[in-house]
Amino acid sequence: MAGKWFHDAVSRDLVQSHRVKTVLYSGRSKFQSVDIIETPGLGRCLVLDGKIQSSEKDEFIYHEALVHPVMVSHPEPKTVFIAGGGEGATLREVLRHRTVARAVMVDIDDEVVALSREWLPSWHQGAFEDKRAEVLHQDARKYLADGKERFDVLIFDLPDPVEEGPACLLYTQEFYRLAKERLNPGGLLVVQSGPASWLDFRVFVAINKTLATVFPLLCPYHVFVPSFGTAWGFTIASSHIDPAFLSARDVEERLEARVGEGLRYYDGFTHEGLFLLPKHLRSRLAQGKRVITDEKPLVAVASKDPLASWPMGKPSGR
Amino acid sequence: MAGKWFHDAVSRDLVQSHRVKTVLYSGRSKFQSVDIIETPGLGRCLVLDGKIQSSEKDEFIYHEALVHPVMVSHPEPKTVFIAGGGEGATLREVLRHRTVARAVMVDIDDEVVALSREWLPSWHQGAFEDKRAEVLHQDARKYLADGKERFDVLIFDLPDPVEEGPACLLYTQEFYRLAKERLNPGGLLVVQSGPASWLDFRVFVAINKTLATVFPLLCPYHVFVPSFGTAWGFTIASSHIDPAFLSARDVEERLEARVGEGLRYYDGFTHEGLFLLPKHLRSRLAQGKRVITDEKPLVAVASKDPLASWPMGKPSGR
Amino acid sequence: MAGKWFHDAVSRDLVQSHRVKTVLYSGRSKFQSVDIIETPGLGRCLVLDGKIQSSEKDEFIYHEALVHPVMVSHPEPKTVFIAGGGEGATLREVLRHRTVARAVMVDIDDEVVALSREWLPSWHQGAFEDKRAEVLHQDARKYLADGKERFDVLIFDLPDPVEEGPACLLYTQEFYRLAKERLNPGGLLVVQSGPASWLDFRVFVAINKTLATVFPLLCPYHVFVPSFGTAWGFTIASSHIDPAFLSARDVEERLEARVGEGLRYYDGFTHEGLFLLPKHLRSRLAQGKRVITDEKPLVAVASKDPLASWPMGKPSGR
Amino acid sequence: MAGKWFHDAVSRDLVQSHRVKTVLYSGRSKFQSVDIIETPGLGRCLVLDGKIQSSEKDEFIYHEALVHPVMVSHPEPKTVFIAGGGEGATLREVLRHRTVARAVMVDIDDEVVALSREWLPSWHQGAFEDKRAEVLHQDARKYLADGKERFDVLIFDLPDPVEEGPACLLYTQEFYRLAKERLNPGGLLVVQSGPASWLDFRVFVAINKTLATVFPLLCPYHVFVPSFGTAWGFTIASSHIDPAFLSARDVEERLEARVGEGLRYYDGFTHEGLFLLPKHLRSRLAQGKRVITDEKPLVAVASKDPLASWPMGKPSGR
């Protein structure tokens, strides 16, 4: 373990450590700490507030899993709204769909977007320059509250609700109600909904429970993302479309008509398997009670640094 | 990260670290190093040759995923053979099936089994005392080669093929051929087949390719096991039964008739989802070329300790 | 860094990690957490509240450096009082001096002493059985306050003043005043006084400053102890004897007459070098202002575990 | 231990870890890997081949301890030769001596020097621009072998003799013989001679033994350098001057006449204490047998990375 490493404290009892080749960028934006590191195992990685957001080597898994199930489930998605998604890879996947005429991406942190443009070209692949895309830097909630525009698909690709972090009020019942009002009839919403692991399902269960108070139909699913070291949860919510009813063949036909070649993670069989969660996760979801509200928001990672609260007195010794 | 930790070197670029409450046992059997540690996150863990084999908190996921899909896929499994499985939890899951009249478990390492009896009671739960069970300590390959007995289901719950480790020749084409001869007509085999992650699929692909040279029908599947920090692969092989053809309802009916209550990970929906691997893993499996043979066995973890080959000369300095 | 390691958080920015062969004992006494670990580099180690107290391989450096300079500086030390010193090695070194007729050791933690008797035989080497020794388990301050006995030499071999730990009030001006009253005329006191490193001298400076308010003559010194990863401070205090005035030859003569063979760290030349601190440490000592009192005790290590204050909410993710 | 850390593998059983604020530079020169990191505990650090060479916060200890004892011991040092010393701090300390008319510094790695000029201004403090200094980038041994110039003081501030590293043949008997020929009558040599710790004295002992075959008078000394986590050894060698004969007063007088104010580590008392090594180190030095030769050079750190020899086969798992 000699040399430079990045340690991701998954919990206070579990740490995942990645060897670092070099640190390409290290700083703080107005909203969060930002590191861009190069690792031998994962390639380039974006790290916000000490957590890996995505890695060059496996970001396709996360971003395809986030975008395509919801997009394919919609009969003809023309307008898409993305909250977050600073790397540009969510936008990239959305724009693969030829049905899309307009994609609005609102990420509050313009510095992260600028750094991604510079350092993460294989993520955005020019998506920011696509004429169908509008990229704005403001609070996504305010944007939806102030505007009147409705969308076919909403994609919430937000960082963790860190205390006083930029995404704290983007996981609440009130925000999901607002989101519902910005959906066209027949529209769908997808949310990245946290780790979906037997050791860590608190956030996943709470987000699903909260969505269930607003939307009649929920489709939670989970995907193993190697660079996270855990299975990751997503949830599609809608008024009446159930993605799980699409067969592998349906999915393949829609992909062929709308997207064509180029997907690596997602296809018809993948879609069919997605929504069949194992029994223990289904039972946890069924037991969820916590509803997240503006008044009692979820604070998933209260500390950006497990040692941050180390007492001031220098430890001395033996 | 102060205090006692167990570091699991997943690769030379990735380390997973678990806080240790205490080390209950630490020693070497004739075949491998053995640690039994107590952790706050995972409870008790069995560690062989430096790798966590299973943890109190989530061993049910691994063991149910290993045993029930193959058992349920068989029309009426009466005789079962287990290679490995020293903790006794695989035997425990097998014996849940009321159809089973005889379960032979052959684990070469009697010390690991004795330590598991003493330290891991929640794993075996008395399975070793069940009258239907016969537990032997010898080489599983020799046992199958010398005997004439045939079984309905074979379960290979073996540790990694570490060089000169006990399981080195239990992953080869020759061994799978032998296994096939010990199956009753209509019998099935299941193998734990290594990590099934985009970052680490070499072993999984090779085992599947090798099995494919011996068995006409393969059903690979993968399951996220939190304590491993990765998705784990399994493969069911048989002459003509395809587990993926069982519907959720079929599975539920068989479970009700044969097992009853008590499963936490596995049920009908879980079964249906299992065999629908995502596209990138399916494409890797399709590209597999390496066939494992006695002459060229797979050595997955060549070093039990990443620092083992540190040169003898003490490093000195600056 | 695979396998079992013990991480000693020297500060929040510096961690020293020792490979662990096995954990021989792990528990909590009434006063502190206790681990006895076996390491390949240091042999057996006693760990209290997460800090290595001494290691088999180099405890001779610490214990000889603590005991002999003060003992040799006294013209004829007959009675010795030890506060702390649970491993028995301080007592062992004291009893090497044939002048000693009585050695009273008061360590509040009878469990640590019992564990040391069982697990650390090379430390005490039978010292506990010596007829000249009396070993008591009570509060050292109370013992000195209640008793009337005076001693030639007092040795304070105490753990860090951890908050609410057993040694919190054994580093204060009031305690040193009491200690002075329990010294025979011409008696000397030695205190282990914390790390004496340019990166960490706060405790060392404060203890010296506090002692200086009570004793007219101070001799601070420091010794590199490999298992601590730092230079360690000690201070001899007295009314009129200055150990630095003893020449190497004086020391050799006294050692020959009183101790004989067997020392590994300490001799005449070592003594001469001890009290010649480098300029930067002398200047720090000269600038010390903080006086430790019962009302404002020094709390060197406020947290036994740098992660202890990790917030309750499980961190979740990305 | 979350976040970015630099792990310094002191040995295969001991790792020292420094929290990293950022990595200012990371690359490879023609000769070695180079990192310049910013840490909260040590400030800026230069890291060559994975080992901290010096830190902003305590480099004064190392560089003053290297330069001044030998300079002060010479009656009037006018010409000085430095081998290595890329940071420029050794040159800085040499040039403090007003007696010096010419200082030749030969460091083979021009890239390290250029990086030091850019990133380590508090190290060189303009020394490279001093008119008395000549800085060359070539092999120090070749320079001494080809030239005829003789010097009053030689200072060998070289990195470890890593295999095939730049300093491999700068620790041998043959090189020291050559060095002796380049000394003016009455000249002295000082060598940084590796860690001088009870846990790690192999290099220190071998360098001293080798020097003893060439020079009649040796003065080994050691200094605790916090950023190294260990005591560091140095050796002054000469034909007839014994630095240990200088009293504190002699040293003070020479410093006043030649250097003036500004030293933080070194003064008269420091000098007096330096050469009085503790008994256990003296006895190790007395037992040294290994003589380093061109044919059998010392390879202190055979591996720059403890995981470098990790086998190619990806480890797989359980």
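To keep things simple, chains are lettered A, B, C and D as they appear, and every chain counts its residues starting from 1.
Going forward, a contact is a pair of C-beta atoms (placed from the backbone, for glycine too) under 8 Å apart; a residue touches a chain by one contact, two chains touch by 3 or more.
Every value quoted in this text rests on a predicted model; they were computed, and no experiment measured them.
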Notebook entry, point to check: Do subunit C and subunit D face each other with the same patch, meaning over half of the contact numbers show up on both, or with different patches?
Noted result: same
Note to self: Taking only the C-alpha atoms, how many degrees of rotation bring subunit B onto subunit C, rounded to the nearest 5?
What the structure shows: 180
Notebook entry, point to check: Using CA atom averages as chain centres, what separation in Å is found between subunit A and subunit D?
Noted result: 51
Margin query: Centroid from C-alpha atoms only, then distance subunit C to subunit D, rounded to Å. What do you get?
Written below: 33
Item checked: Multi-partner residues of subunit A (at least 2 other chains) -> 1, 5, 7, 9, 11-12, 15, 200, 230, 306-307
Notebook entry, point to check: Can you list the residues on subunit C that touch subunit D in the complex?
Noted result: 1, 5, 7, 11-19, 39-42, 57-58, 60-61, 197-200, 222-224, 226-227, 229-231, 263-267, 269-270, 272-280, 282-283
Next item on the list: Enumerate the contact residues on subunit A facing subunit D in the complex.
Entry: 1-9, 15, 20-23, 26-27, 35, 37, 50, 305-307
